Structure formats: structure tokens, C-alpha cells
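Quick heads-up: structures coming right below.
Next, two complexes with chain A in common: one pairs it with chain B, the other with chain C.
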Partner chain A sequence: MSDRKKKRAHEPGRNTLLAMMVFFFLAFFLLALKDGKWESFALSVVVPAIIYVGTAGISHLFPSDRLLLSLTNFLCALGVLVLYRLSPSRGMSQALNYGVGVGCMMLCAMLVRYVRSWKWLTGLIMVGSIGLLALPLLIGKETNGAKNWFYIGSYSVQPSEIVKLALLISVSYLLSQRKVILSLLFAGACLLMLMLQKDLGTALLYFGVVFVLLYTATGSVPLLIGGVAGGAAAAVAGYQMFAHVKKRVAIWLNPWADSDGAGYQIVQSLIAIVNGGAWGVGLGLGNAQVIPEYYNDFIFSVILHEFGLVFGLVVLCMYLFIIIRGIMIARRCRTVFHALLATGCASLIALQTFVIIGGNIKLIPLTGVTLPFISYGGTSMLCSLCVIGLLQGVASRNKAGVREDRELAMQGGDTR
Partner chain B sequence: MKHLQKNIRRVAIFLCALFALLAAWGAYSLLTYGSRWFASSANTFMRTRKKNVIAGDILDRNNVVLATTINGQRVYQDDLNTRRAVVHAVGDSGSNVNNSAESFFASYLYGFNSSFLERLSFALRGEQRRGDTVRLTIDSKLAAYIASIFPSGKAGAVVVMNYQTGEVLTEQSFPTFDPQNITDSVKNDPQKPFFNRAIQGLYTPGSTFKMVTAASVIENYTNYDTLTLNCTGLLTLGNRIITDAGTNLQENKLTTHGNITLKRAFQVSCNNSFAQLALQLGDARLRKTAEDFGFNDNFLFRDLVVENSSYPTTNRTDGEIAWTGAGQSALTASPLHMCMIASAIANDGVMMEPKALLSATAPNGTQRAGLTSKVYRKPLTAEQAAVLKDYMRAVVTGGTGASAAISGTKVCGKTGSAEIDGQEYTNAWFVGFLDESASPYALSIVVENAGGGGSVAAPIARKIFVWMLKNGYIQ
Partner chain C sequence: MSSEAYEILALLMRYVFALIGVLIVFRSFIWLRKDARAYRKEIAALPDAGLIGEIVDLDTGKAQPLPHEGVIGSARECDIRVKGDYVLRRHARFEFVEGKGLKIIPARRGLTLLGGVEMRGPGYALHGTQLGIGSHTLRVRLFAGLNVPTPAAYPEPDTILDAADEDIPWTNITVENAYYLPEETPADAVPFGDGTRNYDGNYDDDGQMTWQYAYSLDELRQEQAKQAWIDAQEDEPAPRESRRRRRGRRE
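Now for the complex of A and B:
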């Protein structure tokens, strides 16, 4: 056996791939036996195939972080499974989103790997983001109190999701160039646009990510205190300014006061969770459709309902591993820009997961952000996978750096 | 780069802490509130469940069947009077009564706790699944007796519990109804027969709250037994006037007690003295004692959903504080909570958690859950409890509660006549217990809009205790 083969057998995440494929094959096959539809049989083959391509295929073509890929693919496939089980049409289109998302992930990874000068690209991204964020204000539609969508043909687009990526790249780049003021101005402009769209959940995420990046780059304690104070002030201001925020906070404090009306969502979410118990009611046996927005904001409650708390905890750990893996990638970076970018990606996933799951279990007021990788929605799925793509790009830069070092060492001297 | 590494590590710790918070909050809220979410009437998952599982039986403590399922139909106790007497504790198939055994113990009744193997064995035998049999602490015979002596046409509640174990022998609400025959007149009755006043009704405790005020005095003043209080019959504080029962200001007729001791003031239930005591103690100390007894706490008992009692925290003028000492103002408590307060005094200062579930037994005979008595609070020391017990004994031997006395048996108690705006008569209260270690029973009685506690509620207490002693409620 060659050295290369031996090495690959020890790579983390290799044995899990087969287990994941079998898990999803069996899950879709179970649903297929129940409903007897050809789509279900097709998905029982297609989803494991995407997992294979998204995990083994990518790491074959491109030096990447195998464990990160496995975890991401598992969560995406889980989203397709849960959505398909509750609403087949949404599940089918989510499978498509997943497939396309894996492609976008590759593109983002290559972008980070091969682009050497970010100066002009960052400028372009910044102008583009402001333009994109302005679009829903001009031609958007209002849903659930927020005006953050617009339509291209029959496709709905949520620019705030795409701008997340732009924000990560540009703020990381500006901070790595010590252009703190400019980065703050840009982030502030984005936040203002989101406030105008009343998309406060996403605004909270942007704020969190920029704040984490700022702290990572400068390590300044006054900034830390100022940021927390600023965030608190913004939260109070948001509460005073927007009626729908006041309503959400009131629902959060006591959803049972109006359990048939305003509190219905969260009450049904909590009830679905306790009905699931430790081991869940079983795939295909629950009736979590009673929760409004079960496919989007409350998809984690659906998972807890059908798969149980133990599985839910496992899913939570998967997110945590993704984040820890992201942080490990950040710590191995050789340039400040890449370290910041990886930290930003990891914290974006972490904060977004925290904000929506916290809302589902009534830890914090519910905000309309999506659960990364799992929630229904093309833009959200694409964006989450692109964030992983950025991380993969950084990881591959790290690997390339290590290889260069080794070659240098073998040549026995400094040839640079 | 070194600083960067350190900062990244800190960010990582922060992010991990967020996830730990999620898991911890999830576990905490599920453990504390899970059973309440489950029992909520908004639980639509239950409806599907009910179609697939045969609900288990509900028995009383002597294994009398209170509810069973025959051919998919929920059927309640055969005897009409018993059925009506226990309906608030047991519940009805239409979920008209909130938080009854039918809904609160649904996880047992519909077999939610059954293991995979049990489910499999039902499936293999081709039978429909059966839920667990739930045995309550309720005594249906006692409940039926109480229903037969409760003043007809009056609203109110009666709670009887074992103060040593916390077992609730009965929690009844009046008016009551027949779960087998819910008519429109029941549904439209302005007295709301579906409402369980015993655990959900928030009443002004009136003079029964003097148990708490007296406890606060005993805790805070070592010379409580030599204190001399001067009752002039009238105490004016701002726009609030404190008077005693029998006073008529128009006719300039005042009830005065003169110079009396704390024990005497308790015995004759002197509002004036207790108002003065509340002012001397001050709001903070009185509130502390009340909170020690469970006021302002979020009751999260495992077996019962009891409405939270409140000691007022806003608008604390002298007049309000004075009236609080005598049990009026914005104070509220459920009959069950008042019964728990008497129980704590009876049980040497230890307040037991009220218990409603004796056991839950799976169809194959394994016991799923049993009774485990638990201390809820310790509001008093044994010495303080003994002093209060002596005061409560004096109420029955020579005070307002004389009509609860039974010769040869140590009955202790406190009466209350709570004034309610817009009501013709006061709400009659009696809260008391048997100071007999062989018969450790406490009770709490409220009769709405009926008159004085001493004349209306105390005789009912006497009848209940006499019946219990005669029917062998002696351990």
C-alpha cells in the first residue's frame, strides 16, 4: 500500500461518509415505503450521491478540510430530509438548492485560494453590496413586518443574505489593512440599510459578526465595552422604534398569554418539542406542520419533535464542531486577512445558529433568521454553503503553506 | 499575529459559551416547564394521540374507578354525586376543566412514557395500545360527603390535605357539574362551574392571612407574648380606614377590643391590632415572611398547577400596608395555598409540596411513578410553629372559630371574612387542622358571598372533621 493511500485512510471524516450515506438512504427509503412515490425513491439515491460528491468528490479535486465538509453535508441533507417529509415540494426544491449550493461552495473556495490581490475586488464588493441592499427598499415586498425581499422573475431574492458574504470579506480585508474607520463606515451603512428594511434579525447578526471581527483584529477592551453598550443602545432603540419588535418581545416574555393568537408559533414549538421527548416521535410520524413557519424559523423544533432531544443535541454538537473547526483553521492562518475571514465565517454560523435556536426554545425573542444549512430557502442555503466555501478556501491556503514549508525544508535552505 | 491568536481563542470561548447556554437553557426549561407545556390545552398533538391509544383509568386512593374507557368512550364514575364531587380534580373528556388529572397526567394516561419494548409487544399482539392507570390521592367518598354538606347554590372551594405527606385528599370547587351531561345552562352559568376555584381561584385571604402576620411578629420580636396592643376600633391612615367586624360608622358604632395581647388579638381576629402590627413590622419584614410562606413564588409543583399567590408590591402606602396585615388590600391566594400555610403550622413549620398522584401503573403491571413526599419550604421553626398552633387552638376553644370545636379532639384554625367590592356578604373562610398525629389533616374552606367565616365556614369544617374521625381517617 502506498503512503498516500495509508494517509487517506487515517484522514478524519472518511469512515463517517459511508455511515452518512447509509443513514440518508435508509431515511428516504423509509419515507418511500410509506408514500410509495418515485420522488422518494429517487431522493434516496440522489441525496447520498450529492453527499458523496460534496464530501469525497470535492476533497479529491481540491485540498480541503474533510471533517468540515462531512458535517456540512450532513446538516444540508438533514434539512432536505425534514423538509421533504413535511412538504415534498419544498424538499425537492431544497435538494436542488443543496446541489447548486455545493457548486457555489466550490467557487467560493477557489476564490479564496486563487485570488492574490483583494484590493480592487473589495472595493467592487462594497459598492455592489450597498447597491444590492438598496434594491428591496426600491422594489421589495413586505412580509412579516420586514421589507427585505425582491423578485427576479419568480425567484425571491434576499440580498441581506448575499451581503453577509460581502461583509465578511470586505470587513476582514479592511481590518487586515488597519483601515478600521472605513470598515466601520461600511458596516454602519449596511446596518442602516437593514434597519430601514426592518430586517432586525439580520441586522443583529451583522452587528455581532462585525463586532467579533473588530475585537479579533484590535483586541481593544474599550472597544469591547463600547460595542456591548452600543449594541444594547441599538436594541433599546429598535424596541422603541418598531412596533413589531415590541410585539415579539412581549410574545417572548409570555407566549401563553395569547397562545391561540400572537404566541401561537412559539407555544406550538415548545409543545412540539416536549411531545418529541428524548427519542422523538419518529420520522414521518409527527405532525409538526401545526407550527406556522415550520419549514423555516421553526425547523429545529421539527427536528426535536420527530428525532428527539438526544438527536437535537447531536445536531447542536455538529454546529459546534463546524465552528470549532473554523476556529482551528483561523488559528493556522499565515496572513491576518485569512485569519479574520475564517474567524468571521465561524462566528457568523455560530451567531446565526444561536439566534434562531435560542428563539425556538424561548431563550431570546424570536427573530426571522434562518437556521444555517437546514432551513428552507435558496438564498439562505447558498449563502451558508458559500461561508463554508470561504472557510475551505482558507483551509486550502493553510495546507498549501504547510507544503511550501516542507519543500523548503527538504531543499535544505532558504530559497525565497 | 500573536495577539490575533489570543483574540481568536477568546472568540472561540465566547462562541462555545453561547452553545452551552443553549443546551443549559433547553434542559432547564424542559425539566421545569415541560410537563406544563405538555398538559396545555393548546397541545394539538394530543388529539391525534387520543385516536390511537386507549386512555388509562383514573382511580381514587381507595381504587374506586373515577374514569375509564369503554369502547373508545370516556366514562366517569357511576354515582352522580361522586362524579360531580370529583370532576374538578379528575376532569372531563371535553377538556372544559383546565389542568385536571385528565390533562395534567395525560402523559401517563396516553402511554407517552411507555418504552419501545412495550409498544412493540402491543403491536405484535395486534392490540390497540393502552395507557397507564393513574391512581390519585383524591378520596372520592370524602369528596362526595363534602359536596353533600356544602351550602347549596353558593360558589366556593374546599381543600383537604395530609399535612405530613402533602397528599391532597380532595380539592373541590363549587358550583360543580356532571361531566357525562354538560348542558348549555352549565356552559352559560355566570358562576363558571368549569373553573377550579380550589387551585386556580385567587381569593382575598382576609383574616386567615393573620397567620402570616402573626408569624412575622413572632419571628421579628422576641417579646411577642408580652406585647400589649391597643384597639380603639378605628384607625385612619390617609384615605383608608381600618375597622373591625360589626362596626357601623354611620351609626357611630365601633367594635373595640381595648388593651389586648397578640394571642387575644389573633383569637378574636382584631383588624385594628393587626393593622398596627403590620405598620410596626413594616412592609419589608411582612413581605419577607409572606414570601417564606410561598407568596410571590412561581409554584411549579410536579402534580398540580396552582395559581401563584401574590403579596402586593406596588402602591404601598401606610393604609395599604395596614390592611395587608389584616389580610385585605391586593393580597391574593388560592384555597390550596391557604391550606398549605395551615399545614406548615401543623407540621412543625415544614410545608410539604401538595401531591395529587399516588401511582401510575403500566398495563403490564410495572409501576411507572409513585408518591414521593417532598418538602416545599420551611417557613417556621418548630418553636414558632408551636406558638402559632397554640393561637389557632385558642381561636377554636374561645374565639371566632368556636363552632369548629369537637370535644375530645384538638381542632385548630383561623376564620376569615374577606370583604369584596360589589358583594353583598363577605367571603367566609376557615383554614385549620387537627392537631392529632394519628389524623394529620388540614383543610381550607371558602364560601363566596355568604357571611362570616366563624358562622358559615367553621361549622362546615367541624362537620368534615367529625365525618373523617367517624369514618376511620385515623392512621
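Now for the complex of A and C:
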């Protein structure tokens, strides 16, 4: 065997990537056998090809983390598969979002890799974020009790998703510069805007991420206790102030009391999960469309229904690996800013996944956040992939750091 | 394909999907573990990974590893911990800037000296620069191969005396390898070149210790520490030879 072939055979994750490609080929081919459409046959080739290019191709072009890339690509492709199965138009649209998202991910990775000074950029980002969050209040429309969207022509934009990235970068930078008060003021302003929009699910995410970052940066126990107490007080205040929060808590406690009305969503979700059982009802054989918002908030219930509990655990493990990988990247960082940024990205994905999956399985009250990488929506998909892009940028810097250390060691590693 | 045949196929395929999913998770776990091991192994082979040099406390002789950025102070969480008089809990922040050196950002004015001169804002330290942190004097030592300006040679005490006699022009001597912000101040600026300082005395007109004096004090301290170590070595009784070794020597 030639050296090149040997190297390729020992490439990390080669078999994993191959298994992912086989999975999507079989899944889309099965759907193609059902509907006989040429789009389905095309997707059975295109999606595995995108997974290969999105993992192996990108990691050849840019020094990135292959494991993180492959897991992210798998989850994104799973989203396309599930959406295509239930609503082909949404599936195709999601595939387009996925392609654009990969480009945005690369952009974010390069930003983190090559930008040296974040001082002015952070200032700009902070001002822009407050402006963006104010837009739905001025020109937005109220949907499901929250006023967190605005429309540009036929396109709908959710600024709180974009501001998530801004919050991660700004708070990480400010905390790395020991500007704790300023970071708290900025986070407080963002939270206030979200409270005015009545977007409490996203507010919960923002609070959680800032809290994790603050504790990671300062290690202060009084701050930890204060944060928990403040969060609890805000939750109680939110419950007392907003009628739709009270309603959601009541549905969570007993959805069967109004199973045809307010509790319909969660009841249908629970029925779908139970019907799926351990192995699922089979791809293309389910009836998950009866769940309202099946393509968005309840997509995890759809996965459990068609693929079963075992596969649901597989998906959960993938999220867990992404989070662990994020923490590993943060631990390998050379600078405080990058360590905080990676921690923030990992905690954002962890919190978002927990909040929406917890809501789907009736572990916690349901909030209107999306399942990262899988749920339908352009803004959500782009922002989730941008978060991975930020992580990739930090991972790339870590790799460059190790390379520099190796070079220094080659020069003796001693002081001058 | 007929709906019955599809149903049978889909029911069979759900096991295949679950199996492939479990396989992917298992392989990913192995990948994660392998990567963590490889990284640990790589870092173990590079004991100075993540470091850019060391900071030596000239008063105690203790060296501490110097990371890319961090905090110097007396608090336990500080990256470089210095305990002593006039040392704040978070005395100064430092950050390695490629091509420029180690940027020192003091928390308060008047308590930090860079190259023997009081810091009134951020400044850059190079290899060999002395840092006065409260009552302590530290020396920055950077690894060879880092992209930083080459420090000027240390002026020997004799040279300083010669310079005072105007044999060597003052322009040849830099402020002990340190330079200051704002950037327009050149690295090779004439020390105390505004003509208002007293070169011959130990303190200048503002009451600040001159760098020559600080340097001579530092030399003196080092000499004293060296002498103390030699004295301690001489006073210490020779270690007793073990019975086994004595027997071996006799044989």
C-alpha cells in the first residue's frame, strides 16, 4: 500500500463519515421508492455528497475540527430528511438554508481565526444588537403571544437569533477584558428588549449563557448564588406578569385537562412519541403531521415517532458529543477571550437543546425555541451553523498554537 | 412500489437506521477519545505548550511559567502570583502581542515599574525587561523563536559610568529594553532625554528612582543572593555516605 493510501486509511473518522453517507443514501432512497420522484433520487446522492464535501472538503481547505463538522453535518442532513419526508417544499428550502449556512459557518470560522483585535468590532456589534432587537418592537407583528419577528418583503427575520451570536462575542470579549459591569449592562439591555417582545424562551437562553460565561470568567461563588436567585426571581416575575406564561405552565402541569384546546400540541406530541416505541413506526409510515408546529418546535417528537427511541438517544448522544467537543476546544485555548467564546457556544447549544427537547417530552414547560441544526427556519439554521463556525475558528487557532509550540520546541524551547 | 411492499421494507429499514445510528455514535465516541489521547500525548511531549517564557522573581529566585495572557498579583487565582508589600490582589494584566512583546497593563498608577521606570499606562516588556511589582523585582524571560523585537544589550555598570563621563553618547543606551505607549515613542528613545532629569543622582527631579540606580540595586541583590547561597552550601555538612556505598568503595 502506498504512503498516501495508508495515510487516507488512517484518516480519523473515515468510517464514521462513510456510515453517515450510507445512512442518508438509504433514507432518501427509501423515500424515493415510496414517492417515485426524481428529487428524492437526486437527494439520495446529493445529501451524502454534501456531507462528504462539508466535512472532508472543508477540513482540507481550512484547519478545522473534523469531528465537530461531521456531527453537525449529520444533524443538519437529518433535519433536511425529516422535513422533506413531511413537507417536500420545506425540505428543499431547508437544504438551501443548509448550503448557505455552511458558507456562513466558514465566514465565522475565518473571522475568529484571523481577526486580531476585537475592540472596535465588539463596540459595533453591541450597538447593532440593540438596534436589531428594537426593530420587532417598532415594525414587528405579534405571533403566538410574542412580538419577536419582523418582515422584509416575504422574508421573516427573527433578530433574537442573530443577536445570540453578538451576545456571545461581546460578553466573551468584555469579560476577557475584565469589564464585568459593562458586560452585565449589555446583557441586561438585551434581556429587557426580549422581555418587552415577550420572547421569554430566548430570554431564558440569553440569561443561561451569560450566567455560564460570568461564572467561567470570574469563578465567583456569590455571583453564582446571586445569578441563581436572580433567575428564580425573574421566572416568578415572568409568571406573574405574562398571561401566556401562566397558560404554558398550566398546560405543562396537566395537558390532558384541555387536550383538544390549549394542550393539543403537547398531547399529540406525547402520543406520537409513544406510538413510535423503541424502533419507530418506520420512515414514511408515520402520521406526525397531526402535531401542530411539527416542522419547528416538535421536530424531535417527529424523529422519535418515525425512527424510535433508540435513534432519539443516538441524536441526543450527537448533541452531547458536540457539547463535549466545545468544552474540549475551550480547555485547549491560549487566550481568555477564545476560551470564553468556545464555552459560550457549547453552553448555548446545550441550553437550547435541553429547553426544546425538555419541552417536547414534557420535562419542562414548552418554550418557542428551535432545535439547533434540525428545526425548520433559515435564521435558526444560519445562526446554529455560525455558532459552530465560531467554535471551528477557535479550534483552528488552537491547532495553530500547538504548531507554534512545536516550532518553538524545535528551536530549543529555551529562553533567549 | 406497492404500499404493502414499501411498508415491509420501511419496517425492516428502521432496524438498519438504528444500527447505523448506534455505529456512528460508537465511532464518534472512539474518535473523541482517540483525539483527546493524542492531544494529551502531544502536550506531554511539549512541556512548554501554551507558554511564552517565564518570570523570575529576583528577590526569591523563584521562576513562574508565563502564559500568553493573564494577571500578575497576590490573589490565588492570578497566573503570576507575587506576595509582598504594595502588591495588589490584581496588580497588572499582561498579554503577549506578536511583534511587539509582552503588554503590561497596570491596574493602578505608581505601583509598577517597567525597566525601572514608573508605568503611567500600558507598556511593552521584552526579553530581559525588569518589572517592579510593589516591593518585588521580576525579570521577564521570553522563549527564543517568538516574534518580538530583539532587546538591546544590557548596559554594563562600567558602561554607565563611562557614559556619565560622556565617552559613550547617551543615545546608545536604551531604557533597559522597555518601551512605552503611546506608540510614537521610539524603542531606542534617549533615556530621560528631556534634560530635566538628574543623571548623576539616584533619583530624578520627579523623585523617581533612575534606572541606573535600579539596575545597580538589582545587581547588588543578585550578588547578595548568590553569596547567601554559597554561604549556605559551605555551612551545610556533607551528606553522610550510606553503609552500602562505603562498602562498595572499600571493595
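Of note:
Assume the second predicted complex is superposed on the first by the 400 of 416 C-alpha atoms of A that agree within 3 Å, B and C clash if a C-alpha of one lies under 4 Å from a C-alpha of the other, contacts with A are read in each partner's own complex, and residues count from 1 in each chain.
By definition in this document, contacts are C-beta pairs under 8 Å (C-beta built on N, C-alpha and C of every residue); 3 or more make two chains touch, one makes a residue touch a chain.
Remember, predicted model here, so these are calculated numbers, not experimental data.
In the overlay built on the shared chain, the residue A:323 is in contact with chain B alone; chain C does not reach it.
In the superposition on chain A, contact of A:273 is made with chain B only, not with chain C.
Looking at the shared chain after the overlay, A:347 reaches chain B, while chain C stays out of its contact range. In the superposed model, A:336 makes contact with both chain B and chain C. Once chain A of one complex is fitted onto chain A of the other, the partner contacts of A:219 extend to both chain B and chain C. By the touch criterion defined above, A:361 lies against chain B but remains apart from chain C after alignment on the C-alpha atoms of chain A. By the touch criterion defined above, A:290 lies against chain B but remains apart from chain C after alignment on the C-alpha atoms of chain A. By the document's definition of touching, of the two partners only chain C reaches A:74; chain B does not.
Once the two complexes are overlaid on chain A, the chain A residues touched by chain B in the first and by chain C in the second are 219, 279, 281, 324, 336.
By the touch criterion given at the top, residues 12-13, 15-16, 19-20, 22-23, 26-27, 30, 33-34, 36, 67, 70-71, 74, 178, 219, 279-285, 307-308, 310-311, 314-315, 317-318, 321, 324-325, 328, 332, 334-336, 401-402, 405-409, 411-416 of chain A touch chain C in their complex. Those residues of chain B that touch chain A in the complex are listed here as 1, 3-12, 14-16, 18-19, 21-23, 25-26, 29-30, 33-35, 37-38, 40, 42-45, 48, 112, 116. Those residues of chain A that touch chain B in the shared complex are 212, 215-217, 219, 256, 259-260, 264, 267-268, 270-275, 277, 279, 281, 286-287, 290, 309, 313, 316, 319-320, 323-324, 327, 330-331, 336, 339-340, 343, 346-347, 350-351, 353-354, 357-358, 361-363.
Against chain A, the residues of chain C that register as touching in their complex are 1, 6-7, 9-11, 13-18, 20-25, 27-29, 31-32, 34-36, 39, 42-43, 45-50, 53-54, 67-69, 77, 93, 127-128, 141-146.
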